[in-house]
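Each of the two complexes below includes subunit A, the first together with subunit B, the second together with subunit C.
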Partner chain A sequence: MTSADNLQAFKRDGRIVIVGASLAGLRAAEALRGEGFTGSLTMIGDELGEPYDRPPLSKQVLTGWVSAGDTTLPRRRDVNAEWLLGVPATGLDLATNIVRLADGREIPFDRVLISTGVRARPWFVESEAALDGVFVVRTREHAEGLQRALAAGPSRVLVIGAGFTGSEIASICRERDIPLTVAELAPAPLVGALGAMIGEVAADMQRAHGVDLRCGVKVTQLEGDAQGHFRRAHFDDGSTIDADVAVVALGGIRNTEWLRGSGLAAGVWGIACDTGCRALTLNGLITDDIFVAGDVARCPNPIYEYRLISLEHWANAVEQAEVAAHNMVSGQADRWPHLSIPLFWSIQFGVNIKSVGVPTFADEVAVTQGSVSDHRFVAAYGYRGRVTAAVSFNNAKWLDHYRNLIETAAPFPPPCPTPDQPADMKPVPVDFPGPTLLAQGATVVVTGHDPGERRVTAAQYHR
Partner chain B sequence: MTTTETPDMLRRILDYSSRADPYPLYAELRRTPVARQEDGSYVVSTYRELTDLLHDPHLSSDVRNLSRPMPQGQGDATPAFINMDPPEHDRLRRMAMRHFGPPHTPGLVTGVEPALTSAVGSLIDDFAGKEQIDIVDDFAYPFPVSVICHLLGVPREDEPRFRVWVNDLINSIDYDPKTDPKEKLEKGVQARKDLRQYLGGLLEQRHDRPGDDLLSRMANDDGPDGRMADDDIVSTANLLLIAGHETTVNLITNGMLTLLRHPDVLQRLRDEPGLVVPLVEELLRYEPPVHIIPWRAAYSDITVADTVIPKGSQIMLMLASGSRDQNRFHDPDRFDPDRRDNQHLGFGSGIHLCFGGPLARREAQIALGELVRRLDRPRLVADPPPYRRSPVLRGPIHLHVEQAAG
Partner chain C sequence: MRIVVDLSRCEGYAQCAFLAPDAFRMHGEEALMYDPSPDDARRDQVLRAAAACPVQAILVDQLEGRDAPVEASPS
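Moving on, here comes the complex of A and B:
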């Protein structure tokens, strides 16, 4: 699309296909219609039913307050799309502009948005993952199953992994007075996302609520009984624990396998794109008709040194979807960059946790307001002397201020005291788990010698 | 954006002659988003800068952080949480909030709705046969007063007594040393004392014989933050009583005035009662009851819009100006109950966001809905109506309306 006429014609009669019909996909579809796109719109999704919201799945749904079926995402406008649900896309052909479906259908497009998100990382031994009583939580069906298992009054629940989802599930088990063990490889819960200092606070919170929290240990085996029901877990320190429900909360795997061979820069970290949500090819070239949004996107953020960052945040999915939709129907000069500061929230053990920025992009952290022991505070994160993120526990109203600090590259630690400044706000090292824990291996290798033949090929996909 | 000195502008806004329509002056004021005054204080008038400040943890509500003392101190009484900073503010507000709304008392506002409707109904019943009504004296004033008394647990028969106190107290806040007799100020001091003593007495009774009202609940509840001290309960009750007064009165009166000035909207509201919900939101933006937060203190140096406000400075927040900022609201001087993107500053923002907001909203919705439904072809007697003195809590002192006879 170069000329204005072409663009008008595309907006009127173009064909847009969205692969991944969940939060980002739906919001993009709505935004496309809002932008005046009247052409054909096809929504492809491998889940059945209308797009629904995931955050309640590990919160209100598990308490039984909200049924899994009541999490359908509200519609902001009629999207007038053709919905191809219950069938996954299996391929994308950039040469012919076709999306291939598992049932053999081929769907042509002028522009495509990829929003296939992530799926739960399953337990690594398939036969053990298949035991009755072993759960992951990513979909409505998962949450429904786990809610039923919790309602049945298990003697003990084992949560494997104390990231946000695992911690939220732990919180709910305690709320329901279910005996609970949480196993985490890192030294404390939430360490991977928020660092060691906040991790300690989270550990205190869990223990204060009666969680049997075991850190620095690995679950090695899930053992079932003769009926195929989960009964016992084995740890790498030789200990065991008896439980009848195990929740595997080990993060997600990005849904990019279906793009293998497409030529896009898609891999374990997601699909690389520019700030305009246009996908990159493996060689790092920008495509013009392929857009990405949501959990599956890996987008550069100028504030964070243009690093490609993938986020699994609700607000990020919505904002990227809106930017992508806008850019899909706009000419070069009118395109928007996705430049927002990441925002995340969670509720666990009665505490509202909220963050702005990218806490992992930090070398130091300091409590700047409130009191850690009361679980009411704000902690600022800094990287080489500037503020890059902040996390609040029951103190979210201040976060707009910290977003300003991040946006204006304010000095870290913030020099000005507040009335509620703690006595000790000395920065401490942020202490994220070492690179070995997070290493994912190389994804590409470079081949060729002359400038005309230098190319990147995928080295290793998906573990 | 630079800081220039525009003291004249502020003086003109505060001058009583501008009360009926301060909005053109606000527009001029917004040309300098952060304006330093001769006396070293700062006036902030644009939406973005106001919201930044209201979320800035260096903005203090505690007078002791001003480098210059306030002209009239609150005396030695325990301040209410509105004049405190975290963590004390958070703790007290939390303790009071337990009894005033979700999550611990979710049904409070909906629970009083029948009482609201019947109070409104009986006040309007009294209009019968009258050709001329004063929306303020006959309606907008007595209504919220009876509501807050009911909620707090203040006996009906005592209403007239403390209505005088509250009146004296509010008058003393508007005290102008140049024109007013000192008596006004002294009356206020006395009223403040009397009111505290009166509320203290009520509280004492509630310790012995708790009822279902707010005073009883605050007096007898042990939450995670412990039990509220009697002094703090009295300050909180005091705050709720006073805040529950002028603000809601002005919201209802400004609302009726605006509707009478927009007969098409008035007619629409008659036809579609549900319109009252977005309409009250738009009122809070377009004709809010609280125009100014007259002082806040810079706890440290604060940078807003490239201006450094030095530690200890007094900061004046022009909320009503922010809600008419053309850089934030489309066509801001138009009263548009269909407005969608309406994040007004009518209740402030941040940790001091109006505590009684949900109640005030419901009061105004029910009051305006019923007035419009039951008044027969109402007509404004004088436009503009006479205004109260205060530029801070701005609203008509009377709003005479004629209705068709019979």
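Moving on, here comes the complex of A and C:
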């Protein structure tokens, strides 16, 4: 039998298992059926219910406009899958091609897609995290609980961590006229994602909207009352704050623990894969049957020197799901690479923030259009003299232009594309915090080490 | 009905908010907010909005009525 015959037989009768039934998992399932896969499809997910969309959770849902249960994702087609929901996968055996579930079941597969994403990083003291009034926001249950607490009219909310999610929640609290303190370890909000200069703009925006913003401080303790309700937070400078809701927004933890011992290159930054979404083993070998997509993937991109990049971006999850699905049912000569330039958006304090490229892959940043003080501008990022990213505040229609500059490795700083050149275009150092802070707030992390650093660490795997 | 808007593609032209104001709203100058499950009675409006979007960023459920039931795990 030729490999083409094998492929036809697999597309007709093969077994595909998708672990992680959310955005990337659902989109991959739809794409597999769209590619003509008629074999058996099993969707494994530890959450109950149909796949739903997360971005509205920290936006529409918390304002009270949309209920958390109403963010179920639309379907482009029936995926005709067997759904095993409410049960996590606990292991993957590459030798026997089996996914193990927490309830003891073993699910055999010919090909598997891993899209287990990220979970919220919980508060570091378990007993304090369990206090009534302490929240994280990743799932619809979380958002529903926080929405209810906000609707009850708290005297003050404390948001811990001013990355994108924390800043969006802060924005909604102010929209609902709730007194609010935001605590951030970095010198300004969004610094982990966008650097110090844009962080200053974000700080300005928060303060202009009446946020009590405290930067460069660490929350050390969450204190509860006799009924186990959160009442007060302690800071490392000795100060305290009284509040009755605390939102812990310290970024995510990639769901890779269940792959420990599988032999895959899976760790805190996700699962390493090639541009075709095929997973790598610990020894750097590409697997044939194991694919990865979404927030849990860690993928090289030639525009960024083939360094491995972990993204927590909606559009990336959708695109990788489509590439992975296509490659799962295609022969060697027909596979697609996922080489797109990252895109991200956020909405806070009435401002549409968007980015293209990888802002953390930069050494300098310069405002190239508009005005920072009006909160309406574009800033370009550069690395060793070429454009690598851009961020817009209420100026999104220009991002295609910058995407083109990134694709063509245009020199940095780029000229302003319109006559109304901003007063100060001088590039400044981008100034990102170290890796421990990046782990908490950034939604893009460049994880391969810089070859210029000349260091290497060998990992050994013992069965 | 269910919808999702790919906001990384959306360029904030507000056509959708004009055609189906119950489902789509502008927030500030150019940020779009939408109701991911607008009332079925608004279906025609929403379909018109989706068709009018210049960047085709609005995805509408293709399955009629209640779609594929999801079986919860028996465990």
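The rule we apply is simple: the second predicted complex is superposed on the first by the 429 of 463 C-alpha atoms of A that agree within 3 Å, B and C clash if a C-alpha of one lies under 4 Å from a C-alpha of the other, contacts with A are read in each partner's own complex, and residues count from 1 in each chain.
Just so we're on the same page, a residue touches a chain if its C-beta (ideal position, glycine included) is under 8 Å from a C-beta of that chain, and two chains touch if they have at least 3 such contacts.
All values derive from a computational prediction rather than experimental measurement.
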item: First, second, both or neither for A:V351, with subunit B first and subunit C second; value: second
item: Subunit B versus subunit C as contact partner of A:S371, first or second or both or neither; value: first
item: Residues of subunit A touched, compared between subunit B and subunit C (which is higher); value: C
item: Partner chain(s) touched by A:R77 [first = subunit B, second = subunit C, both, neither]; value: second
item: Touched partner set for A:W314, first subunit B, second subunit C, both or neither; value: second
item: Contacts of A:A29 with subunit B and subunit C, given as first, second, both or neither; value: neither
item: Partner chain in contact with A:P419 - subunit B first, subunit C second, else both or neither; value: first
item: Contacts of A:K397 with subunit B and subunit C, given as first, second, both or neither; value: both
item: Overlapping contact positions on subunit A, where the subunit C interface meets the subunit B interface; value: 376, 397
item: Subunit A residues within the subunit B interface of the complex; value: 368-371, 374, 376, 378, 397-401, 404, 416-420
item: In the complex, subunit C residues that touch subunit A; value: 1-4, 6-12, 27-31, 33-37, 59-63, 67-68, 70-73, 75
item: Partner subunit A, residues of subunit B touching it in the complex; value: 51-52, 55-58, 60, 62, 65, 85-87, 90, 299-302, 350-351
item: Subunit C partner contacts - residues on subunit A that touch it in the complex; value: 48-50, 53, 55-56, 59-60, 65-66, 70-80, 82-87, 103, 105, 313-315, 318, 343-345, 347, 349-352, 354, 376, 394, 396-397
